[in-house]
């Protein structure tokens, strides 16, 4: 595993520890998807796939793919025993209605108010919001899982400059440098990665943040 | 068959002739329910039951009742081959969304503007509107099937005095005395029952109405 | 994850005086009669009940009305239960009448996180009184607000142990809608089957919505 | 009643230049590829297409974009089809991006006769621009309007000859919603079964909504 892979694995392992037994969880495409591989022992969660089912399971064995069973990124997956399928209106009724406990998504920018930008860079990249706006507004808890910087540029900023996915909805930010909570009075660094100093986090962050008194070391 | 039964049979037979092959039809409780027994030859319609299915069929043989298969009046019915069940939201999505071609309902009062009152008599009878308000607003065509008078009192009035079920939604009124269309310029008598004169209809009607030039005799 | 299958006594401990309760069914078809038995046994009162109708004096929600356990009913129809009318006229019971399709959408909106829906139903009638009218494309609509409840008591045909539900025929009605719109969802079921034995495509209410499952199917109210 | 089973050529005769078309599917899963083949063959153009996304350059709605048959797409996502982005940037194609849950409710509202729905999704974002904000219980919601189409092209797993449809797994997605929201509904299906062989409780789209059934299931686009 190279350094970047290790860094990414730290993030997804740490996010996985946020999930509680019985939680209904929606994982975004990319890095967040890998959270499923690191559930703590004894924790059973229900993964929701916004294209229309709960009970999302791992990728099938080669040759066992079912073209009608894919995740929201169109990759072949499985439906676990006890899973259930539904239409898009019901899928988002579950999401918007607060029946999803946790959503984990990536970000282009997150700011000190919990604003999230993740769906477009004007004039450059306009993939669309897909289900991200509904997930961010509807899920009870929004966790951003991302690398702390993009080619050295901070992704945690004082105020998002890119078009928002949702306003003031992010609850927790997990990066390879630490864990920050979004509280009514701003960002709080609650855990720091092994071998990283608070000054290093400040240097890589473009937003003011507080540090809790009992700052813990982030555990994978 | 006594005189009243004959009169009622004339009404439902005449209403049945309004139904076209392929129509989706919702019949109200009471007199309208009997329309199903008199479909013209070669006309196949789909009956919708607002409690949650299409493909409403006749009452089952005694002993064959299924407690989960009832009509909107809680009477045992059957579901024909090709019928389909759904929840109440979808049932009324079908109704409100214009997917029901014809609804046939009774009335306490209908007026010259096509206003319908059918769900309460203040201080006396307050059964509730059930599905009638949605049916009247949503069905493409609203047919009122009723006796022309109630104990001698006209039920077709200049302006409804009872609380409305829906405003300006009635298209056709079928009684034992004749058939009236509700047009933008008021009521038009288009058919008259055998042996009845226009003066007799006027005497039994508390609303102004026009008579078409080619007034036809109402056929059962 | 914890076990969901329990007794009606255990499940109904969560229902307290004054709560708002949704109860599935249409003229008592698809109503969880065993859970209504349980409410009658528990002595809970002062309830606000949301349902399609008040059933009959001896069946469905009507039994709660007859036993004077309701402060208010929010329903589309009370005509089959003369006791509801009597209590309404005497001032003992508040009866809020709602068009059936509006009621279904209000419950759905409550479960789907919508702030309301615009319906043409009720325009020009007493149902419109006190409500906001919104014009869309030149046509008037009523803004109807979402409904939610503390507890939903629903009836299904089959459940698996994770709470996935399948309803049968016209007993489906409001049940799947209410399963989404309450803080606590208790399902009475005819049959409990092993997890994995229900086709994912056939499940009408995903188990994540159901908190407790109570075996039913026996003789009710007798 | 007339026969509904027909060929795609016959069914697609009703689709004319400039029409608004809903097409089911999510990243081409549950998209009627045979009907898209048919649209490509028919030469119809200048379409407004409503769907979840623009699929891929060689799959799903994306094939219509690549062939320049669309004037506008109303979708939640275009990221998997670079040609959509190119045509958007060059001004050849109007791309209206809608949050997926809002799109689903808009299509549902179009089919259900609702004048619109209130959603919290999009508040405080560019999605809110030009839209009415309605406050309910102290919370802001966007009023989102219904969507309808001239034609819906949907994909189901099974149909009976009356048009009753059953979808399979994640291929259900927008298909049952679109079946309610268009003047003409054409369903491509893997299998046609006799009337009466589908359990009424298992049917996901009642046949009354479906105008034409086209056998599919063969190799598409090849």
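Each chain gets a letter, A, B, C and D, in the order it is written, and its residues are counted from 1.
To be clear about the criterion, a contact is a pair of C-beta atoms (placed from the backbone, for glycine too) under 8 Å apart; a residue touches a chain by one contact, two chains touch by 3 or more.
Quick caveat, the model's predicted, so the values are computed rather than measured.
**Student:** Report which of B-D and B-C is connected by more C-beta pairs in contact.
**Tutor:** B-C
**Student:** Which chain's mean C-alpha position is the greatest distance from chain A's?
**Tutor:** B
**Student:** Find the geometric centre of each of chain A and chain C from their Cα atoms only, then give the gap between the two centres in Å, rounded to an integer.
**Tutor:** Taking the average C-alpha coordinate of chain A and of chain C, the gap between them is 35 Å.
**Student:** Determine the centre-to-centre distance between chain B and chain C, using the mean Cα coordinates as centres, and give it in whole Å.
**Tutor:** Roughly 29 Å separates the two chain centres.
**Student:** Please tell me the distance, in whole Å, between the geometric centres of chain C and chain D computed from their C-alpha atoms.
**Tutor:** 32
**Student:** Give the residues of chain B touching no fewer than two other chains, as numbers and ranges.
**Tutor:** 53, 79, 85-86, 89, 92-93, 95-96, 138
**Student:** Could you check chain D for residues that touch two or more other chains and list them?
**Tutor:** 105, 108, 112-114, 119-120, 167-169, 172, 200-201
**Student:** State which pairs of chains touch, listing all of them.
**Tutor:** Chains touch in the following pairs: A-C, A-D, B-C, B-D, C-D.
**Student:** Can you name the residues of chain C that touch chain D in the complex?
**Tutor:** It is residues 105, 109, 112-120, 132, 134, 136-137, 139, 141, 143, 145-146, 166-169, 172, 200-202 of chain C that touch chain D.
**Student:** Help me check something: in the complex, which residues belonging to chain A touch chain C?
**Tutor:** Residues in contact with chain C: 21-22, 24, 44, 46, 53-55, 79, 81-86, 89, 92-99, 138.
**Student:** Please give the residue numbers of chain D that touch chain A in the complex, ascending.
**Tutor:** The contact residues of chain D facing chain A are 26-30, 52-53, 75-80, 85, 88, 95, 97, 99-105, 107-108, 119-127, 157, 167-177, 204.
**Student:** Within the complex, which stretch of chain C touches chain A?
**Tutor:** Of all residues in chain C, those touching chain A are 1-2, 108, 110-114, 160, 162, 164, 180-181, 195-196, 200-201, 203, 206-209.
**Student:** Chain D touches which residues of chain A in the complex?
**Tutor:** Where chain A meets chain D, its residues are 49-53, 66-70, 72-74, 79, 85-89, 91-93, 95-96, 115, 126-134, 137-138, 163-168.
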